[in-house]
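One chain, chain A, appears in both complexes that follow, with chain B as partner in the first and chain C in the second.
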Partner chain A sequence: MGVDVTVDKLKPLPGDTPSNAAALDKYERDFQSHGQVWGEILQKNFERLSAGSYSLQWMNGEANGWGSQKPKISSRGLTYNDINRVKGSGEIDEVVSWKSFAPRGSIREPYKNMMPVLENYDVLHKYDVWSDNVMPLYEEAVARQWSATRDIPWDDVNGLPEDLAKASCQLSTFLTEVEFAAGDFPAKWLYRIPQDFLEVKSFMATQIMDEARHQEVFRKRALMGGGLMHATPGFEWALKSILDAPNHVMGTFLLNLLGEGLVLSIFRSGEMIAKTHADKEIFRLCMQDEARHVSYGVLQFKYFLDNHPNRAQAEEELHRFADLGEQIIMTAFSEATVNEPVAILLGGGLKNIDKGMEGLGKLWTVFIEEYLQRCDRAGFDRRARCTIPMQLPWGGSVAA
Partner chain B sequence: MEERVTKHRAGHFYIDETCIGCGACDEMCPGKADAVQAIKGDFRGRFKIVLEDCIDCGFCVPVCPVDCIHDARKEGVVEGDGGYMRIKELQAWAETLTTPDN
Partner chain C sequence: MAIVKNEASATATPQMADPGPVTFPSQAWFEALVAVMRDNVARYKQLGYADCVMQFTVTDGDAGKPWSIRLTFDTYDVTGITLASATREDISDFAFEAPLCVWKAVIENTAKNHGRPDHEFTLNYLSMREPQFTVAAEDQLRRDYLFRYKQTMQQLINDSHHLKTEFRQ
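After this line comes the complex of A and B, so read on.
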């Protein structure tokens, strides 16, 4: 045999096959620990079925006034606003006590002791999640979905000179990175918000869908333009900081009000940044989605402050958080992988990067002022304490 | 199909140029009035109120995240201010640029 076998060429033995046995053991133990409830449900139903009788107890709807009040269909259709005019099911408690899947407005009280309790549902105060525009924003989100596959003239992205092509791909890579976290944040909190806040959960589900489409469209944009480019450590830390925020309101402030606000400012300048019709279309379509997320964030923040039992304390804690949040965003934005491609695109080419930085300085001022205006709208006076300079921190132009 | 509301006087609410285009006001506008409409061809996706259709219900005002909807009877000023205006400065700057090859 002429096979050249030496010890250093031997492959290691395969490791242990990953096993789910431990997790399954725990699942079985959990199931058995609730054996009495499972047994009671099964025994009661089995006895009734064996006796050939029907319960029909579920047909008694008096407890919640079944049939006494139906929602009125508005000329827009049947919206959440319309159905929430029905007493009982449309009333949202300030503090939720139900930690199950039983729908708000259903007859659930008689079954309370037989229900499982989902301890993950721990965001129980309405002021932690609600905003006065969450229902119309959900309707709007449903009405304005679009497709990254069909709605972008993809053939149009070719033909750019190399500097603009690379800048577009770098910006798209950065935006893909951002959109991942922007989807993970609502996804992380979705399972902590109880079902009685179903309108908020519905809106968050649309935000997750929006962000999925955004990462899809920017990934496609980068690949159509030549390929994905560099990841951005500074923004990685910022994105992690959003996910690690101490509570939902603070995370929403950092993501929807500050972070997405920055992205919205970039998209609103898309007419100047985009160098192809396809890019303009991408910015335009993403912008309307981001506007909803920013819109929810601002009024959620406002609702929180307006309804918190100790506003002064809440505001002070939020100021402490904003002190960090602003530095997080500024540090992230200082990354060359973010500001240089934007400057090249704004300037119209690598040789105009200084000119582009000048434009970026103007965009920066827009961003900070819009951020402060959003804080004003939420009733959070940040102007005196804002830690981000109104002017671009590294000056209007940088030597290339 | 229901008929649109017919009115004999124009409404008074207007949206200034600081609108970010989230569309919450559009959804709050009573369907029969349908006075809030996307501005055709506006890159930033902003909305406007068609005064002839506005019934002055004001439902759109509290849901706006940037306070860009105003009652002209109270304010009478069709101008925004602050950063949203500065986008114009950025646009004006962009217009001074020549083509990418220059």
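After this line comes the complex of A and C, so read on.
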């Protein structure tokens, strides 16, 4: 059988393939530098196994009271809260010294000198990550997961007039752009937070999953409604600013409390102005996820301020950061790709965009008041220093 | 009691005994609503649990004076239904406050659409229509409970279409 090869079917030759050799060299050197520990572990175990004996030393659980306590199962099942009542399991140090994977509450002290030290675990103060609602929020997140594939009546999104269809797709494109950054931020910090803060890490993992699903649902919404539309440079800069935040607390303020607080408002507006049941369902489901992230942000911020050894200094630094953060968010929301589709959807069509912008102006005031109330709840008084105007900065309506 | 449609349908018909007409607002109406909720528990489990204490207030529901009831949500159930002071009680996380004409329109629209109310009758839409419909809370964190449990709250209201509601004049 002849091979059917013609010029138009030829593919270009592969370019230079990136080499992993240098990275592999380093990995090998690192391995060799710990050769003594590897060798000791292997030799000890090999000798014992060769002698046909068992250790069974791990069966001694007296050091942490194995078997003396059993968690009590609550009405919703066995929660983190339930297991943290077991002595030795729930105590969390104010400053964590363990930089390994060894579980909090396990018998780990005897092995300390044989364990690797994970230097990237450098967020060691509890006040930098903890919030008093983080455990119930984690459980709630697990209980309220949903599926963008299964739970949205996707056959319901068509049939909109072109202006509303395009506005819906632009809003969905913008939200697709936003959502993964909201996942990247906790992902960036997750590997810097030690295992002893396991509840925080667990919650952050749910936030990453939530944001993945939001990105998925808005991407699907745009493609079901006609296609993805325009990216938004102003928001790109805002998202980068979140990722570049100087520390976890400041980034959490900018993302969870301020940014997601406003995105929560967009979801509420989105549900209000949705023209289809599918859109309503999307915004409702995203709203509940977003509200969890905001709740973590508010109480994390509060925990930080309440427990910082120098509250006045911490507050002043946070004010300095908030001065910038508010300008970052306001600049992002000034983008036409964000506020114009919302105005068109609010007004009910392109011909009513001025009316929609007036409606957006009223909502803006609500959004900012809610932001300030969240700051109040965290014990952070921004009212006198807030740099975002209570009125929509570009007025209720804009001349076309 | 079993659900007639699939086990987690948003609009499934519970196979409960017909309680007959119930008057809104009244404790009996909310007890009947919670009975429907319990028949539809698979749907509430699918939505995930809710833990909060909230109030429904009819601002002119008691011969022109405010009427209020407090519901305690625990996991997939409502474990407490008690008449409450119409002034906001600090034990509640948040309260829906609206006049009878608004509640009547919501319940009638939900019934007419078999548990899928038109857009302008959903809790979220109404919550952005202050002062006609108010979500009252001591602070924003408690107010945010509504957004965390919105699906559950909306499902509860949607389930009211199974009731034969009469309205107090």
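Keep this in mind: the second predicted complex is superposed on the first by the 384 of 400 C-alpha atoms of A that agree within 3 Å, B and C clash if a C-alpha of one lies under 4 Å from a C-alpha of the other, contacts with A are read in each partner's own complex, and residues count from 1 in each chain.
The rule we apply is simple: a residue touches a chain if its C-beta (ideal position, glycine included) is under 8 Å from a C-beta of that chain, and two chains touch if they have at least 3 such contacts.
From a predicted model like this one, the values you see are computed outputs, not experimental measurements.
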Fit or clash between chain C and chain B when superposed on chain A: clash
Which of chain B and chain C A:145 touches, first, second, both or neither: second
Touched partner set for A:277, first chain B, second chain C, both or neither: second
Partner chain(s) touched by A:164 [first = chain B, second = chain C, both, neither]: first
Which of chain B and chain C A:348 touches, first, second, both or neither: first
Touched partner set for A:72, first chain B, second chain C, both or neither: neither
First (chain B), second (chain C), both or neither touched by A:240: neither
Contacts of A:385 with chain B and chain C, given as first, second, both or neither: neither
Touching partner for A:358 - first (chain B), second (chain C), both, neither: first
Which partner, chain B or chain C, touches more chain A residues: B
Touched partner set for A:311, first chain B, second chain C, both or neither: neither
Residues of chain A that lie at the interface with chain B and also at the interface with chain C: 75-76, 136, 140, 143-144, 264, 268-269, 271-272, 275, 280, 284, 287-288, 291-292, 294-295, 298-299, 363, 366, 370, 373-374, 376-377
Of chain A, residues touching chain B in the complex: 74-77, 79, 81, 132-133, 135-137, 139-140, 143-144, 161, 164, 264, 268-272, 275, 280, 284, 287-288, 291-292, 294-299, 346-349, 352, 355, 358-359, 362-363, 365-370, 372-374, 376-377
List of chain A residues in touch with chain C within their complex: 75-76, 136, 140, 143-145, 264, 268-269, 271-272, 274-275, 277, 280, 283-285, 287-288, 290-292, 294-295, 298-299, 363, 366, 370, 373-374, 376-377
Of all residues in chain B, those that touch chain A in their complex: 2, 18, 20-28, 30-32, 34, 43-45, 62-67, 82-84, 86-87, 89-91, 93-94, 97-102
Complex interface listing, chain C residues touching chain A: 47-49, 51, 74-75, 116, 119, 122, 124-125, 127-128, 139-141, 143-145, 147-151, 154
